[in-house]
Structure formats: structure tokens, C-alpha cells
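I've put the structures underneath this note.
Across the two complexes that follow, chain A remains constant while its partner is chain B and subsequently chain C.
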Partner chain A sequence: MSLRNFQIYRGDGTVGEMKSYQLEIEKGMVVLDVIHRIQAEQAGDLAVRWNCKAGKCGSCSVEINGKPKLSCMTRMNEYAEDETISIRPLKAFPIMRDLVADVSWNYEQNKRITPFKPDPSSKNESGDYVMMQEDIDRVQEFRKCIECYLCQNVCHVLRDHERKDAFVGPRFMIRLAGLEMHPLDMQDRIPDVKNSYGSGMCNITRCCTDVCPEHIQITDNGIIPMKERVVDRYYDPVMKLIGLIFRRK
Partner chain B sequence: MTEIPGGHHSGFLQSNRADKWWIEPLWTGLGFLAFVVYTTWAMFQGDHYWWSAGQGGFGGYLSPFYSPLIFIKQGVAGAAPMDHAWFGSWPGWWPKLIPATPAILILAGPLSFRMTCYYYRKFYYRAYFMSPPACAVEGISQKKYKGETLLLVFQNLHRYTLYIALGFVAILSYDGILSLFRNGEFGIGVGSLILIINPILLAGYVFGCHAFRHITGGNQDCFTCPNGKTSVRYKMWKGVSRLNARHMFWAWISMIWVAFADIYIRMVSSGKWIDYSTWGY
Partner chain C sequence: MDISDIKTIEHDVIVLGAGGAGLRAAIECSMHGLSTGLVCKSLLGKAHTVMAEGGVAAALGNVDSRDNWKVHFRDTMRGGKFLNNWRMAELHAKEAPDRVRELEEWGAVFDRTKTGLINQRNFGGHRYPRLAHVGDRTGLEIIRTLQDHGIHQGIDVYMECTGLDLLKDGDRISGMVAMWRETGEFVIFKSKAVILATGGGGKAWKITSNSWEYTGDGYGMAYEAGAELMDMEFTQFHPTGMVWPPSVRGTLVTEGVRGEGGILVNSEGKRFMFDNIPDRFAPETADTEDETARWLEGDKEARRPPELLTRDVVARAIRKEVKAGRGSPHGGAFLDIASRRSAEDIQKKLPSMYHQFKVLAELDITEEPMEVGPTLHYFMGGVRVDSDSQMTCVPGLFAAGECAAGVHGANRLGGNSLSDLLVCGKLAGEGAVKYLESNKDEINLDENRAREIIRAATDILNRESGENPYLIHEDLQETMQSNVGIVRDDELLTLGISGIDKLWNKFKNVKADGASQFNPGWHQAIALRNLLITSEAVAKAARLRQESRGAHTRVDYEGERDEWLKVNVVIKKSPDGTMSVEKVERGSPDPELERIANLSIEELEEEVQREAGQP
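Then we have the complex of A and B:
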């Protein structure tokens, strides 16, 4: 047990302040436990979004001491006993109240993406779609995404430059990568990856990968392969010629 | 510094991070700057890039900064024998304002590969352009930010620079073999080890490149089509992917080593260091 100091944002998207709290910490507590305890004992109207408390729902994303993190997966023993821990809502999205940000913009981006469409000719004799594990490994990595939007929040294109009009963000770049790399999918999204979803806006500074709680290699395995496919189509005449000759997708 | 709703600090280099976020961009920025300063200095020297203990014939140590030798200027201390030049002696039409050094003709090749590399882009955008300086640290906020779509669209040429880099792996491998001979006699010296390790480290970097990974198999949607069997390209892609996972390591170690190789040969060639070898001379 030790008495620790916290600062938590209280307010909405127009006005608010950092308020100080003190709490006795018990062994094994995570930051979400602290928020819940403060909510129960000192600030009954503190707004916080959470759900599974197991790092799988992606609801409790906040910024702890300035770093985007899941509060349920951030253990209190990561911090020194004399350190004041600050908890803020996500910066890149509008604040609804206290620690809750409105992440609905992300759902709108998801709707824009051309959905999966399997090639009927790839069915086997029994009428089933069959995939080999080697072909689906890449896609399965992206399916680990829990949509916590920490990557969207830390992406400087969205966070600092506010170019939500030009870039869908890393979460949806890996969704696009998962669809484009899918062995059964027959849609062509590469023109949209370049022109509409804004792959060129990303300058590979990898913060999305750094903050991903699922350790998805967003940049190396998702965004860069998409940028390379855009290069194939728009910036590499040799590949373009090969594509024309062999009619590659 | 201003504080915006959410309690977030806003403004250039502002952040709520409590850790020393500036250490990484500082050491990477200074590290690469040191390499660029040394490389530029070494490039303009134009001398002491070759050592074969005064022996002719096949063999000798050639600084990787000067390889391949397109032209060779005669009468320079520590210069390679003329038969090592691809096109003979230094051309008479060369402008006097530009130093006549073989390195000036070739260094743009490997440099273009490193400067468009996806890893280098990460650290120099952070360290030099502060776009962003670190994760969750604000750089210069631009409402009309264009990323790599406008002036930086040339970054898409990385795969062409890859082809150049592959050529340098082959050339520097040949130099490694060359270093095992002195006047046609087989042997081994400390310089041989350095020049053999050099292309190995460079290969680790080049063959783990994201563009190479894409070309070897990343551009495929199906590795087992049409017969359900794993293709050779898949195995290549897996191998490249393993190297790619440590691309940062290979980028730095190959860069440091190539500079060290130049320093070693420069020191041996100018008589400041002794090259211990099996040749005994």
C-alpha cells in the first residue's frame, strides 16, 4: 500500500482542467483500477470508457503521462512511487467528457473501404473456399487489431496536422492491407489506397507500431507493403509493363 | 506552450510525456550526422584509399568509399594501381573546382539507397525534420501537410536505389576476395577480415530491405497458388522477412562498419597503423 498522486482531465471539448487526486495503491493494480477507485470513492461523475479489462476490447484507450496506452494493461508498478501520474483522453479525437473521446470518425472510415469479395472461381470441387495457412498468415496478423485507435491517435498526420480529410490512418491501412493481401479477394483497392485513403501521407515514423498493444507490425507489414504496391502501379514503369504482360492483379 | 481541451500541451516540441523522449532522435541524429561529416571529409581526401604493401599484381585493400574505381588519378599518395580503374586515368576535362577523387563519382549510389530507406526515413524525419520529433510530441503543425505526396514523392524511387545497392554488394564482395591476395599470393590480414565482413553486413541490410521484401514475394496475394504447394518465392520472402525484422540493426551496423573500413585502410595506407597479416610484409 502506498499513497500516490494522480492528475485526471475533467471537462469536455471546450472547457476543462487537470484535477488532482490521491489514492492508496494496492499490489497488482492497473491504471484502470485507479480510475475506477477514484470514480467510486472521490469523483462519482468521472466519465471513462471501458469494457473487458483484459486488453481485448480496445475501449479504455487514454494517454498516461503523455503516452497513448490501454489503461487496463498499464500496471502501476511501471511508475516510480513519487511520480505523479497524469491521465488524459485521446488527443486526436473530440472529447465527449473527461476521459472519453468520440472515436466515431474511425467507424466512418471503415465504411468507406470496399468490402471483401471472394473470387467464385477459387472454390474447390466441393464448393468450398480453401486457403493455405502460408497465404493467410499475413492477414491474420492484422486481424489481431482490437480497434483501440491508439495508432490513429498517435499518428501525427491525424494528431498534429489534423489531415483527417486526406488520410484514413494506420488502423485502416492495415485493414486495407489485410484485404489486398487476402488470397481469395478479387477487389482492386490500390487506386483508392493512393488517392482516397492517402498512403502517401504516411512518412513511416512508426509511432503507430510503437503504441500498438497487440504488437502488430503496422508499418513494416501493413503500411509499407501498401506503399510498395502503390509504387508498382504508379511509380515503377518496369513493374507496370510486367503487370500489363502478365495481367497481374 | 498552450494547453488545449483534454489537458494536452500544444505547440512546437510540446508533449505531456514525462520520459526523456528526446534521447532517441538526439543519438540517431548525431550518429548519422557524424557519419555524413566523416564520409564527406573522406570523399574529398582522394588519397590513402588503397593498400597492398607496395606490391603490384592481383590483390590489395580498397576502401569501400572508393569502390568501384571509375577513374584513378596518378601520383596521389595511397592511390590504387592504374589497372584497377574501370576507365583508366582521371579525365582531363574534369572541372578544376571539383576535387579529383574517385569517391565523388560513386558515393551518391549507396547514399541514395540509405536516404530513401524506410528505416532511415523514420529516424531522419524524426531527428532532422521533427515530423514528428517523437511519438506524441508535436512537431511543426501544418494544416496543409502533404506527407510524401508532393516534394517527397521521390521517396517512391527507393526500389531503383535498391538495384544500385545490389550492385554495390557484388562489387564490395569482389573487393573482399581481392583483399585475400597480395601480389597474387593468397593470405589473410586484419584488413581482409574487415573487407570481408563489410559486404556481409551490407548484404544483411540490402537483402532485408522493404522494397526487396516486396519484390521477392510481398507483391503476391497467394504464395501457394495454383497447386497448393509452397513456392520458392514464399521461402525467399520468409528469409527476407527475417532480415527485415532487424532492418534497423543492419542499417546501423553496416553504416558504422563501412566507415570503419575506410578509417582502417586510410590509417594503414598512410603508415599510421600496422596491418597484421599472414604475408609477413
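Then we have the complex of A and C:
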């Protein structure tokens, strides 16, 4: 047991401040436990989002001492005993109240993505789709995403340059990669990846990969291959030449 | 208060809850052209389904071609100690394979067999490897697939919105009053049909794998609207929850660990499940270490290890070891996968378990055994519905998934929940479609009732002073944990019921501080009513059922009793406002289904092979 100091953002998007709290910490506690304990004992109306408390749902994303993290998977013993721990809502999105950010923009982006459409000819004679494990390993990596939006929160395009109008962000780049690399899918989203979803905006700083709690190689396995497909389609001189020849015909 | 100031949103059907059952129901409704509103307490994609780990049970027969709906049906009935609704268990087993294949059609990517088909794994109570899975994050795959498919179907999704109570026009449903969690503003949904898909009520217990959302909202709302609850005494304690550190006590450890060969040992290093094999399962369970080793290597002649007995059996066995002083340091049993599988296998097959223990317990499961103990996990009982349409006795009110009763009887097999969500979610959607086809006349909103519902919610904020909602909740959790636990008797249950009674009185004077915007104290206070109805229903049904069956264990009435197989305990609200708890005859089963369930496994395997045209 030890008494620790916390600074927690209280307020909405327009008015708010960091408020101080103190709490006795027990062995094994995570930051979300601290928030819950403060909520139950000191501030009954402290707003926080959470669900599974086991790193599976991606609801409890906050910024702890400036670092975007899942509060349910951040143990108190990661911090020194005399360290004051600050907890803030995600910066890249509007604040609803206290630690809750308005992430609805992300849901709008997902809706813009052309849905999956399977190729019926991939079925065998019994009507089952056949896919080899080695062909789906990379897609399964992207499908581990728990939509915590930590990657969206640290993406420079969204966070610092506020260009939500131009780029869907890392979360949806890997969703697109997961669809484009799906062995059964027969849609072509590459023109949209370039023109509408803004793959060119990403300058590969890998901040998104660093914060991913699922350790998805967002940049190397998702975004870069998508950028390469755009380049192959639009900027490859050989392909361009072939395109021109065919157009002349 | 002027009700015309409150926004009214109109749909053909409102689905409350956006886990697997709610999403699947909403997809079905909108596929049939209904204007569909999907209302959920959390953000879309965060519902409990996301936490399901091990897999979805379906007799695809990809790994063992002997599998067939009949064997899945038989396993489900035996797991449920024959208290399941026969027709629902039949529909569930028959339709699960198509529901899983349909997910692939919508983009799901299940782990594959060597020939490129959907892979299936072993699980407790299932005769063959039957659970389609994605590592140990199957629920995530299912909810994301339904979510990504559903958002292009024209479903209107209302996130972070709490359903308060249902509205009726005469006897039938006319909508629901709800509250936006962000602003605290109220909203009226006007619809001829409402599908409840709100899951269970595990938050009434202290040690549970359930999140804050599981407050029995569907049970409370259905009960208040005049629908019946059934089999509420059957609450599943999952045998393997984390026991340490305290803050994660109850968090689920997937049965997949045992499916992949994990064994349970006590503090003396003894594999105690060998001493806990019930007679009913003895012919189908391995009784030597040697046989379980052969089973793990894939020998189809070898019988299944006793660790894969049904959850009720394993949970009681762990409890017995702990009581006898042979538990682990923090009061559980040891679950060991490290000595059974390579580190690489474990990380590949059980990645989220590896991660969960590494981060939360600072333990490497590829090297050390886990400490596990029982945790309240699932409600077999719930809202009583028709087996084919999923409609309650209130016209226009449907329920599906964990919120509904019937498929699982006295105990659910692992993997049968995800399949239940998909099968019954679709059935509920179809039920609503049919209901609307034959109910075309206009409905009226009961404004007085709407006003009452809103006043009940705002009173909590407006009281000068009163009881702290968090403390009432804590008291309730203590009461249920100590008196309505894994092992029950009349004295404990009576104590529990009087404890709940006292909390009802406190609840009448509950007070939340602060404003109405995103106020968790207020939300907690609102959820308490549903938690209290749920708890009272469980405790009273448990006191009435004087036998031990499946997840319901009475030390004062040991063993299954034939007379209790003939009845369900059904609960409804009496006209005087008290809770009526009655035995209701189940009726006789379809003779063909009864025959299948009672065949020996050898007879059934022979029959299935004969039908498949093999000698």
C-alpha cells in the first residue's frame, strides 16, 4: 500500500482543468482501477469509458503522462512511487466529458470503406471457401485490431495537422489492407486508397505502430504495402507505358 | 414535464444491445427491408461478444468428419442436463454451421485446417473438435464481421444510449424510452417491435467475467413489461477466471487453454479432475494420464481428458480442492499449459491469454502455470420466448442470445454461446419481420407511462440526499457472492433474498450527485433496478428448485430429481407488484429428438455414418 498522487482532467471540450486526487494503491492495480476507485470514493460523476478490462475491447484509451495507452493494461508499478500520474482524454478527438473523447469520426470513416465482396469461384464442390493459413496470416494480423484508436490519436496528420478531411488514419489503412489482401475479396479499392482515403498523407513516422496494444505492424505490413500498390498503379513508368499503349489501341 | 419536448424516433423495429445477437437480429431485419434502429450502451463493437475467446460451436465436420447436428444436439442436451428447450437445441445445432459459413461470406477469417477449410478445436462437452476459432479472439472476429457488414445495411445505430423501459399500446409493444449517456437527455423510440439482446446480469456478483454493461437490463425491462423469465436459477460459473491480482479477479481465462491440452492440478501436484468424473460422462472420459496424452497427440480412439468435462463439473471440482486446503496460494487451482505445449504453440494458439497474464499478472504462461478459480460468467436462463420466433408472451417483444432462455438448459457448453447468438439472433429478426407483416395497424405511445419512466430516472438526481449507488451495488455483489454462489442451500438463499429485500428499500432512496451529462453514478443508480430484479429472480428461482442440476447445486438437495426435470421455474410480475415464482410443466419432447439425445455415443455415431452412406 502506498499513497499516490494523480492529476485527472475534469470538464468538457470548452471548460476544464486538471484536478488533483490522492489514492492508496494496492498491489497489482492498473490505472483503470485507480480511476474506478476515485469514481466510487471521491468523484461519483467522473466520466470514463471502459468495458472488458482485459485489453480486448479497446474502450479505455486515455493519455497517461502524455502517452496514449489502454488504462486497463497499464500497471501502476510501471511508474515510480513519487511520480504524479496525469490522466487525460485522447487529444486528437473532441472531449465529451472528463476522460471520454468523441470518437464518432472514426465510425464515419469505416462507413466510407467499400465493403467486402467474396469471389464465389473460391468455393469448393461442397460449397466451402478454401483459403490456406499462410495466405491469411497477414490479414489476420490486421483483424486483431480492437479499435482503441490509439493509432489515430498519435497520427500526425490527424493530431497535429488536423487533416481529418484528407486522411482516414492508420486504423482504416489497415482495415483497407485487410480487405485488399483478403484472398476472397474481389473489390478494387486502390483508386480510393489514393484519392479518397489519402494514403499519400502518411509520412511513415511509425508512431501508430509504436502505440498499438495489439502490436500490429501497422506501418510496415499495412500502410507501406498500400502505398506500394498505389505507386504500382499510378506511378510505375512501365505500367504507365503499357497503359498508354492500350489506350491508343 | 411536456412529453412533446422529448425527441421521438420512429422505426419498424428497435434492437436493444449490439453484441452478436443484437447485430445479427438487426442485419436480418434490415435485410428484409425493415427500418431498423440498433441501440447500445457502449460504442459499437465493444459489447461482450468481443471478449469471447475460444470459438463458435458448429458441426461443420471439417476436422472430424463424423460430426453431425445430431451429435452437437446430443452434446448440448447432455451438457444442459436435459432441461434445454428441445426445439431450440435442435434449431441451434442444425443452423449453426450455416450461420458460421455466412460469416465467411461477410468477410470473417477463421483459422484454417491444412486443406484450407475452417479449423475447429476441442472444447468441454463437445464430442469432436467443433469450435471454429481465430486464435483466442473469436468473439472479436465475429463482432467485427457483423459490425462491418451491418453498417452497410442501412441500420441506424444509436451508440451510448441506455434503454430505460418499454412502452406498450394495450397489450402489445409500442416502443421504448431511452437516455443518451453523453447528455443525459431522454429519447422515445416508437416501434411496433423491440428485440432485447442485452446479455446477462453477471454484475450482480463480485467475482465475474462480466463488464459494467451486464446489469440484466433486458430481464428488468421485460419483467416490468409483463413478460416472463425462466430458468433464472441456472447461472454459470466459469471454472477458470483469474484469481490474482485482486483487481482482475474474475477476468476470463479461456477454456481454449484446456482445449489445447491444459491440465488442472492442485497444490500437491495432483491432477484432481480424474477424481471428479460424473457417471453420466464416465464412458466418454479418459481415466489415465496415458490416455489423455494419446488424445492430445490426436489419437481418435483415445477418450477426452477430464479437464474438458462440462463447466459446472470443473467449477465445483476446483472449489472442492480450495475448500479442502489444496488450492493455489491465492485461492484457486493451477492451470498448466506450459508443460503440455511448446512456447511457440502457446503464443500462436493462445496469444491474448499470453498477453493478459504477462501484463496483468506478470506471469509467463509458457513457463509457469496460471492460477484460476470460478467466476460468474453466463446466464442460461432469461426471458422466456417461443422457440421458433423468439417472441415473448408480450406481442411485439422478442429476446435473443444470453438475454433469452432455452437453448442451454441447466448448463451451457463452451462455444455454444457464439452459435446461439448467431442462430437465435437471426430467428428473432425473422420473428419480428413476420410479426410486422401481420400487425399493420398504427400504434399509439403511452405518454403517461413515458412520463413515469423519465421521472423515475430524474428523481435519482433531484433528491436532496440519499443512498450512494456505488455502495448499494457493492452490497448487492457481496450478498449474491456469499449467498447465491456455486453451492447453495435454503438457509443461504433465504439470507440472500432478505438481503436483496433490504437493498430494494435502499434503492427507493438512491441519490446520484452531479449533473446529467455522462454521469456514471447516475447510470449506476439506473442500472440498479434491473440488477435487483435479476438478483431477486435468481435467488427465488434457486430457492424453489429443490435439486442439484447443472450449474445449480443445492447441498440440501443433492443430485438430479426426476420430478424437477418436468418443470421450469417461471417468474413474472404479479398484478400486486410482487414477484411470482412458479413451476411450469415443460410438456413432452418430440419423440425423435428424445431418441437422439438418449442414444449412446456409439449408437449415434453408427447411425450418422449409416445415413452418410458409409458402411
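General observations
Following the convention adopted for this analysis, the second predicted complex is superposed on the first by the 238 of 249 C-alpha atoms of A that agree within 3 Å, B and C clash if a C-alpha of one lies under 4 Å from a C-alpha of the other, contacts with A are read in each partner's own complex, and residues count from 1 in each chain.
In this text, a residue touches a chain if its C-beta (ideal position, glycine included) is under 8 Å from a C-beta of that chain, and two chains touch if they have at least 3 such contacts.
Quick caveat: nothing in here was measured; it's all calculated off a predicted structure.
Upon superposition of the two complexes on chain A, no clash is found between chain B and chain C, which fit side by side.
Vertex at chain A: the C-alpha centres of chain B and chain C lie 140° apart in angle, rounded to steps of 10. Once chain A of one complex is fitted onto chain A of the other, the partner contacts of A:M173 are absent, as it touches neither chain B nor chain C. Look at A:V193: by the touch rule set out above, it reaches neither chain B nor chain C.
Touch criterion met: A:S86 reaches chain B, while chain C stays clear of it. Applying the stated contact rule after C-alpha superposition, one finds that A:H182 touches each of chain B and chain C.
Using the contact criterion defined above for the overlaid structures, shared-chain residue A:A40 touches chain C, although it does not reach chain B.
Once chain A of one complex is fitted onto chain A of the other, the partner contacts of A:M132 extend to both chain B and chain C. Contacts of A:C212 after superposition: neither chain B nor chain C is touched. With chain A fitted onto itself, chain B and chain C come no nearer than 8 Å, counting C-alpha atoms only.
Looking at chain A, you'll find residues 12, 132, 182, 185 touch chain B in one structure and chain C in the other. The touching residues of chain B, counted against chain A in their complex, run 5-8, 15-19, 118, 121-122, 125-126, 131-132, 134-136, 138-139, 141-143, 145-149, 152-153, 156-159, 210-211, 214, 218-219, 221-225, 228, 230, 234, 244-245, 247. On the chain C side of its complex with chain A, the touching residues are 42-48, 50-51, 62, 101, 104-107, 109, 111-112, 114-118, 134-135, 137, 139-141, 144, 148-149, 151-152, 157, 159, 182, 211-213, 244-248, 251-252, 352, 355-356, 359-362, 468-470, 512-515, 517-522. Residue ranges of chain A in contact with chain B, taken from their complex: 7, 9, 11-18, 63, 65-68, 83, 86, 88-91, 95, 101, 132, 134-135, 154, 156-157, 159-163, 166-167, 180-183, 185, 198, 200-207, 210-211, 219-220, 224-225, 227-232, 234-236, 248-249. Residues 12, 26-30, 33, 39-40, 44-59, 73, 75, 96-98, 100, 103-104, 107, 110-111, 115-116, 118, 127-133, 136, 139-140, 143-147, 179, 182, 184-185 of chain A touch chain C in their complex.
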